[in-house]
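Two complexes, one shared chain (chain A), two partners (chain B, chain C).
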Partner chain A sequence: MIDAIVTGEVLKAITKAMVALVSEARFHFLENGLHSRAVDPANVAMVIVDVPTDSFEVYKVDEDTTIGVDVNRIYDISKSIKSGELVELKVEDESDLKIKFGSVEYSVALIDPSAIRKEPKVPQLELPAKIVLNAGEFKKAISAADKISDHVVFRTTEDGFYIEAEGDVDKITFFMSDAELIEFNKQEARSMFSVEYLKEFIKVAGSGDLLTIYLGINYPVRLQFDVANGKVKVEYILAPRIEAE
Partner chain B sequence: MLTFEEFSKFCNVIEKISSTLELTARIAEFIKKIDDDKDLYNAVLFLMGRIYPPWDERELGVGVGLIYESIRIATGLSKRKIEDLVKETGDLGKACEIALKNKTQLTLFQEELTLQSLREVFDAISSLTGEGSQKRKIRMLADLYISASPLEARYLTRLILGEMRLGVGEGIIRDAIAKAWKVNVDIVERAYMITNDLGRVAVVAKNEGKEGLEKIKIEMHIPVKMMLAQVAESIDEAVREMGNVAVEWKFDGSRIQAHWDGERITIYSRRLENVTKALPEIVDEIKANVKKGVILDGEVIAVKNGKPMPFQNVLRRFRRKYEVSKMMEKIPLIVYFFDVLYYNAETIDLPLKKRREILLSVINESERIKIAKQVITNDTKEIERVYKEALDAGHEGAMLKNPSSLYIPGKRGKNWLKLKAVMETLDLIVVAGEWGEGKRSHLISSYELACIDPVTGKLQTVGKVATGFTDEDLEELTELFKPLIEYEEGKKIVFQPKYVFEVAYQEIQKSPKYESGFALRFPRFVRLRDDKDVDEADTIERVAKLYESQFKR
Partner chain C sequence: MCKGKLLCGRVKCPLLQKFEFLESIKIDNRIDDPTPPSAFVGRIGYPKVYAGSLVALNEENASYLDSPWMWEGSVDDIMRLRTSLVRTTKRLDVNTPSNPDYFLLKVQEATASIKPIEIDAKVVKVNKKLLFNDTLQPMGFNAIVENFNVVDNPKIPKEVEKVYYDDLKASKAVLYLRNRGFSTYYIQKLFSIGMFGERRSRKLVPTRWSITAVHDIIGEWLKRQITHFKASEKYVLFNFEHFGNHFEVLLSPGEYSFQLIEIWIKKSFWSPEKTWIGVDKEDLTKKKEYSALGGGYYAARLPVLEYLYKIKRKASILVIREIKPEYYAPLGVWVVEEGIRKALRREPQIFENYDLALTNASSRILTDLNAWKRCLTKVKQHSLSSFF
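And now, the complex of A and B:
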């Protein structure tokens, strides 16, 4: 039995974060809040969503409960809810999720959690560089890179953080100096990533949101977004691409 | 535990070896070193491109399309690109290997593939049915390809398609088992004919040696290879050889083996496929009219208004999975039993005379269940009479059997002879085809055929057949072959080899045009031999022999 009330923007952030990688996911309603994670079909990226109990207006869960949801479906519904509007999420039996806002109540059929692809453990990664910046800046860089290439290099030197993309003829460099970054530990790192994935990830963030990046050398990257006014933590882990020749 | 990487590396080594002796020695050495029984079982089957023994009802149900889709998910390559790779290499296995090699995107997780973990996934895939099962199969296959190295992907793909391209046939595996555990080949062969599972034979050979293999007995619901017949040179010759001859009709139907234990009946086709579900009326009548605890050998024929229908109809019934009852009315079946392999214990080591007595004692003839008539005689005129009688009744000819002979599973020997009127045809494997033109452009209108090298299992083309088909044949065959398409190039289509055609021809010629070095002149389609497996098709030796015999006339 689950009964929770959140704002529209929280529900939208949760589902938007998931649909970047999967169409179905397991939602765990735990004592300390909502947790969900999933890996895309090609095992290239992982999404981890955490919403602490504080972020809910009401959070009543009898015992730890796992439900399987069609995240596309719920994301679609969440688009019609206003940011500040309150939404009630209710699971009484295992068969459906009730989503109630204003005078509307949706009843969405749940999926047997065991039919959803197994969730892997979160990998333990040693990543030397830590960069904190405004997610809006990052969004701009990725959108620009997308226009000329399917891959980008993330690079840190003592001076700051670089995002570089090279097309057939064009080249773009995005640079933020140590002073411009909110936080930077001045460690050097460099890895290359697929723009296809990054493009999906940035959709979740607004221009005022905070993004923390953990970067290594030819190693996966962790991108932690604090979205919906800090109420939802969304983390993406993305495997690198091999640099050709 | 044996990893799939080790297995694939071994395959890669032996793929380049063409000497049969060396292949056998290498395989013997490889399997001898495998400690774990499960690993040994899997390795033996996988080397032959088999996941289950042929009689096992389970099958992956994974066609070429699902592999394309899984590779697309695992590598991000488009279907077009993968198809291009297949055309370039002519081999889906190699194409998958290249696709994985070119992958620039790393993944977060990879699991080490072992023979046992693959077996688990295969079992899961083969148990999926119904709605959504295709999607889940793709998902599971994609996970395998994500974890596979390029070399592993080559053999994984080939294993799924049942075509390892290693030149390793049953013969080589049998010899390798004999060599690995120093057992006489005949003992291994016998164990194989009874179990039809070389994996199991290898495990017994490893753990219990010669004694263990000799102890293997026929078991209920595990099919035994059927005893086969040679072509009789003449009636006189048969009488000279055998003295008294047991003469039976040779029915124009399809061979079956029925296992009946009092509770359950299993019926196997000549290819040892389980066809029980397709024959409900036969099952019912066996239950009512046959004593329990028997394994019977017989021939199913289709009969309408007292006359036999062409043999194709029986196969149509065998293939039918849905709406069986509708087909039961259209194509009514009768079984003629002529031998018994088991009655509470093995009976194959009894002479035919004795087995015949048992056969008569266990069956109550009914409307659909008959015992094949048998005459024992040394009179050539009497034999001739039975033969004519069978032909007049619309059947193929007569069987001449030695009454004192044992039932030797899988054996095509001198103790069973078939007397047939029809000219020699060839049973050849369909390996490629071509789309038709004009109003036949949606149909596959010509088929390229190959014979088999029985030792290496390699297929060698001998010609194309484009005549002898009715429009109905073409429609039906097109449906049958569509799921087997590996790739297309213009109008040409390459198939996964699975079906055998019986073809007639005017003459065999020498020709550099085909891989076998022979070509058929005016080949004509006779029928689909759905009862024959690829490895039962005619061999390159037989083609060569028929070619030679043309000059003797």
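And now, the complex of A and C:
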């Protein structure tokens, strides 16, 4: 049995983060909060969502419980809830999830968790460069790159962080110096990524949110977003595009 | 490229002239002949299209007329074979399958049959126009009919009944039948004639669209499956040629990717003036935009994915298709699908590296390697599982 109350903003952030990659997911209601993760069907990217108990207004879970949800449905519902409005999430039996806000109550059928694609383990990755910046700046860079190319290069030198995209006739360079970045460990790294994925990821973040990037050399990148006023942690891990010799 | 739009400046398409002998084909005002079985759904006039069964005027071995995997010989042979099939059609709204009338029910029954079946119909009007294009198999005249009926009891597989009566979603239905051994050709016919999907949203799908839709649905599904397999270890090269279409299939170690290079040699049908080279490619992510190379792209991808799924390997795939002048009329994308299937059934050559394999492949390609090598791309999307 699950009974939790959150703001509309939190529910929306959780589901929006997941729908970037999958349409169904397992939600684990654990002692220390809500956890969910999934990989996309192409096995190119992973999403990990964590919401600690103190991000909930009320969080009552009898024992660790896993439910299978159609995240598209819940994301759709969450769009009609105002940011600050309180939403009650209730699971009494295994068959459905009740979503109550104002005078509305939705009842959404749950999916048998075992019918949802197996969850990946969260990998241990050794990534040399760490960059912290305003997610809004990152969003701007990715949207600009999307207009000219299907892939971007993320690159760090001692000086700062570069995002570069090259089209048939044009080129875009986004640069933030060490001084402009919130945090930067000055390690060098370089990898190339698909814009198709990145532009889905950035939808979750607002302009004031914090983004931490861990970057390697021809290696997957970790993008950690703190969204909904820091109440929800969303991490994406994306495999690179690599040029063969 | 022209692809039959008379861009050559001629007043009349040379193909139509070549097949003028067909004018002599006589169609009585009563059809009393078997269907292989095979069906046709037109595209002209969408959403009101001509649809119906193909009927063999030459009754001997009717099923051979709709079995592309068995066909050999010249372009002429296939043209003669296929144009002996008459389209017996009626004009239908594409939504008819959501509430089928008697005609469509009978066409569906006949199409789902696994053996040739006798059709009885009254011919109202004959349109003496052949149908051929890059995607579908050539077809003969169009006879508009009335009082269409199936004479025998059709034999319909129980799997098809399940898909039909359980209202399986169209893409699920395709995969369900595929995984139970039904051929892409059989699945395409049922897809086209509106037997898949939830009843109230069932539609007729023009034959040429259904061919690519089925190739794409199965191809995308197989892509997802093979990502979990080990990579092939060597550079494996296959080749095959039929109907003036030469195929080289190179499987390289690494993450899944697919590239097709299409070379239309000068004087081949679509490219009379100069040699035309086109390329399209994809990696692990779902292919979203329709390929610039048309239905042949999906027809080339599918058999290679089937092969990799069977041997439980993933690979980076390069297919080179060179089209020679003797392919003077388009026969449909089955030429690609079967050509590559046949290539993959032959004994491959194994190489230690990519360049050796590519050089070997180029020795059988008439067009100079330098003309098409620049089209090859080397950047590839990797999957997470290749890192941990």
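We adopt the following convention: the second predicted complex is superposed on the first by the 243 of 245 C-alpha atoms of A that agree within 3 Å, B and C clash if a C-alpha of one lies under 4 Å from a C-alpha of the other, contacts with A are read in each partner's own complex, and residues count from 1 in each chain.
Rule of thumb we're sticking to: contacts are C-beta pairs under 8 Å (C-beta built on N, C-alpha and C of every residue); 3 or more make two chains touch, one makes a residue touch a chain.
Values in this document were obtained by computation on a predicted structure and should not be read as measured data.
Enquirer: In the superposed model built on chain A, check whether chain B and chain C fit or clash.
Expert: clash
Enquirer: Just checking: does A:124 make contact with chain B only, chain C only, both, or neither of them? Give me first, second, both or neither.
Expert: The second partner, chain C, only.
Enquirer: Pick one for A:220: touches chain B only (first), chain C only (second), both, or neither.
Expert: both
Enquirer: Where does A:45 make contact in the superposed view: on chain B (first), on chain C (second), on both, or on neither?
Expert: both
Enquirer: According to the contact criterion defined above, which of chain B and chain C contacts more residues of chain A?
Expert: Residues of chain A touched, chain B against chain C: more for C.
Enquirer: Is A:241 touching anything from chain B or chain C once the two structures are fitted on A? First, second, both or neither.
Expert: both
Enquirer: Between 62-70, 98-106, 350-358 or 368-376, work out which stretch of chain C sticks into chain B after superposition.
Expert: The stretch that clashes with chain B is 62-70.
Enquirer: Do chain B and chain C land on any of the same chain A residues, and which?
Expert: Comparing the two interfaces on chain A, one with chain B and one with chain C, the shared residues are 39, 41-46, 120, 123, 194, 220, 237, 239-242, 244.
Enquirer: Spell out the part of chain B that touches chain A in their complex, as residue ranges.
Expert: 73-76, 104-110, 139, 142-143, 146
Enquirer: State the interface residues of chain C toward chain A in the complex, per the touch definition above.
Expert: These residues of chain C touch chain A: 223-224, 227-228, 254, 283-286, 378-388.
Enquirer: Considering the complex alone, what residue numbers of chain A touch chain C?
Expert: Chain A residues touching chain C: 39, 41-46, 120, 123-125, 151, 192, 194, 196-197, 219-220, 237, 239-244.
Enquirer: If you look only at chain A, which of its residues touch chain B in the complex?
Expert: Touch list, chain A to chain B: 39, 41-46, 117, 120, 123, 194, 220, 237, 239-242, 244.
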